[in-house]
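To keep things simple, chains are lettered A, B and C as they appear, and every chain counts its residues starting from 1.
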């Protein structure tokens, strides 16, 4: 299978990465590979002994290593920073999904919508009333941009993204397939006979450089806007409730649920399957380890874990102790016997 | 950005809500806003001191308060029930996604399908054999209504909903984007060499007034039907397994997984990320707090929590004690030393 | 509602299943039903006394039972293996979603794509450059097959499946609606000012006979491929991270998250809402009970449970003891009092 369009030799790639080729400079290199890969034309990187050994034992053709690295049993490229050099190679090899220029003839665009002339709109896309699509934006097939939505410059909607209504997406955002922004917030009031729907009339606003993973749902606000700050990255299958505000530069892993009316800070790191109860406030620079459940506000920066969330080390200690409960129980039983002895023996 | 179509003044809105305007009656009001909003033409509501202070400190133009409320530093509307009045305002402001009348020319409708003349069917919709779409139903773009499915009167399928086959949806239901009803139940039998697929030949049946969140999946039954009762509301990214029956008026929050062959009662409240094992039976009026895992039947109404689910208070106590395990361990160690002393000292 | 196309009588069905009809041989049988069903023309199966009683008390018309079964109060079919016979009946009743032969006129197929003449491609499908669709494959409406993807012989993409780029799907696979394969792996590096995206240039490769549930997302590799082995079955709403490798014949239940760079073995059984941290290695024949969190490698076959994962029995014991913490605390308090007495009492 053809993979990537860039093709180098060991020598040319070393030059491109500002490094030194060790081995046959005409060795063909097709592109980047994982250290445990099996492509003889792939090049991996190894920044420590463990990865070096993996790469030496695998089928990859060459390895990017540091200048101080021991000599290895494979062709190599020596560079100052193997990880950074590999990142450069990834960037050189990137080959994003393509979309033809202009608006595809099959797309259904409301006459009141404004599509920038440099934007690309694919087959079967629907763009509603008063929606705006910015310069160089790309709207892939089967996406829906609802009434009064705005898609910023350079933003990508991959196939099958849905923006309901009053959804504003900043510049250079990436929304992956199946992402749904602006569905109704989940609000009902039990009137004694039935669940009365609370109308959800607000919108959603993403800053710039936001990434939203496949299948992730960000509900509209009851009134006002649910917001996500600049440069924040959401993984797949995340739920963000109505009227929640997520800060900037925050990274959230998959299957996490953020309830409604929460306020999350800047530069947070949130693991997978985390839960945040409604109306929680969490400060800047907080780290929530995977599976953590936040049921009280967190103001102090640092790492938290567990259900309910506690400082990471404290939570780890409790979890470790929980595994020792059977032993603790035995010790209590032994104590009871010894005390009974001391008291003069039981019956 | 234009938001909402309704525009009032403080005086006119007070009149519409049956309340009394306090402040300039010609103050322009664009629509509802959250208490912490920044729209000077937005009106929030505050039913207690905490929200009053938030609203007073925020940029919202006016606040809906109770008749007994203390005087506040902003224009206000005094009403009997601020929350109810705000709900009225939300309803007045609601502006659902629009869809043109009739069946869009691009839609692919099987000749045997029956579409009510008052239904709206959007671009790129596919409706299969013998499917039926009821009066005033709205099928948004990119939705798929499979063979022998029925969509009730007034029901809405937002963009990108999929109904496989033999899926019956009642009246006035709302299915959000990415909802998938009728995919195969997850059934395989290991025959010693491979996972043999158990054919899933049943359907799905939703009652009336059901809401299904974005990305939520309700699998078809192996035989018979997976069912959801009237007025039940499912949030986003929920999984409902094959042959499960969910009662009426039940509300389930996001990322919850209900396995196959379960029976959930009426008027249940289920938090986010809850898990219910297969074949569980849960009675009416049971509340499952977020992240609860049900691995035994629950018959008695009340609130449950934890893994495994236990009565809420009991579970909370255990969780609180788990946090005190390090202290408990210290106390046991101290006891051991003291008993050793009493026994005549160690070595 | 018409259900299924096969219609039997009790006598004809008994013959088809190699069994013996007990009761009126001309009793009409429409198809399979659950034991608690209410269809008088449905036939259920009962392999034990509990299901027998359910079936006797329900509305189903007849029951498939074993040859040794006690006599029951309903028409029956006696067979050697009721479960296997019911499976046969399910297979006879299966009526998959239909798709017209050939490539639908509305589909947008890149001229460089290769579609086998026997494949079916539905309305509004998009197939990108150099993509290949194999013999008898079925691509349902609104699916997207991106550049350089391959869909194997007999494989089904239900409505709304997305394959990004360099996604290879083997033969006889089933991908349910909303499945997204090949979205960017979740990789960012904080440079002190912003989250720098690490380009994700790899692909996804599924073996043959793989099933992928509704809404499940399998990310592309950073470089190389994210892989899923032959005959592995993934339920709905599962997240599989970049560069992860899942073995063959493994079954994973819904809402489970597998992070990046993991290696999962063959014949694993993974419950719902399980979490696997990144870079974990898990061996063959490992069973992870629902909600388990794997944060250390697991090499030894067997059943595991809990957070962190421990051998099932050990984890169950700890969980049971956690419920007894209040009692343990009381016992420690009592011991403290008794020791204080022994020590001479008093504060």
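Throughout what follows, contacts are C-beta pairs under 8 Å (C-beta built on N, C-alpha and C of every residue); 3 or more make two chains touch, one makes a residue touch a chain.
Fair warning: this is a prediction, and the values are worked out from it, not measured in the lab.
Engineer: Is the contact between copies chain A and chain B built from the same residues on both sides or from different ones, judged by whether over half of the numbers are shared?
Structural biologist: Different residues, largely: of all residue numbers at this interface, under half are found in both copies.
Engineer: For the identical-sequence pair chain B and chain C, what's the CA-based rotation angle in degrees, nearest 5?
Structural biologist: 120
Engineer: Using mean CA coordinates as chain centres, what's the gap between chain A and chain B in Å?
Structural biologist: 24
Engineer: Residues touching two or more other chains, restricted to chain B: which are they?
Structural biologist: 106, 124, 142, 160, 178, 215, 237, 255, 273, 322, 325, 328, 332, 335, 339, 342
Engineer: Which stretch or stretches of chain C touch chain A in the complex?
Structural biologist: 106, 108, 124, 126, 128-130, 142, 144, 146-148, 150, 160, 162, 164-166, 168, 178, 180, 183-184, 186, 188-190, 194-195, 197-203, 215, 217, 219, 221-224, 237, 239, 241, 243, 255, 257, 259, 273, 275, 277, 293, 307-308, 310, 314, 317-318, 321-322, 325, 328, 331-332, 335, 338-339, 342
Engineer: List the residues on chain A that touch chain C in their complex, please.
Structural biologist: So the residues of chain A touching chain C come out as 1-4, 31-34, 37, 39, 42, 44, 87, 90-91, 93-98, 104, 106, 122-124, 140-142, 158-160, 174, 176-178, 209, 211, 213-215, 231-233, 235-237, 249, 251, 253-255, 267, 272-273, 290-291, 319, 322-323, 325-326, 328-329, 332, 335-336, 339, 342-343.
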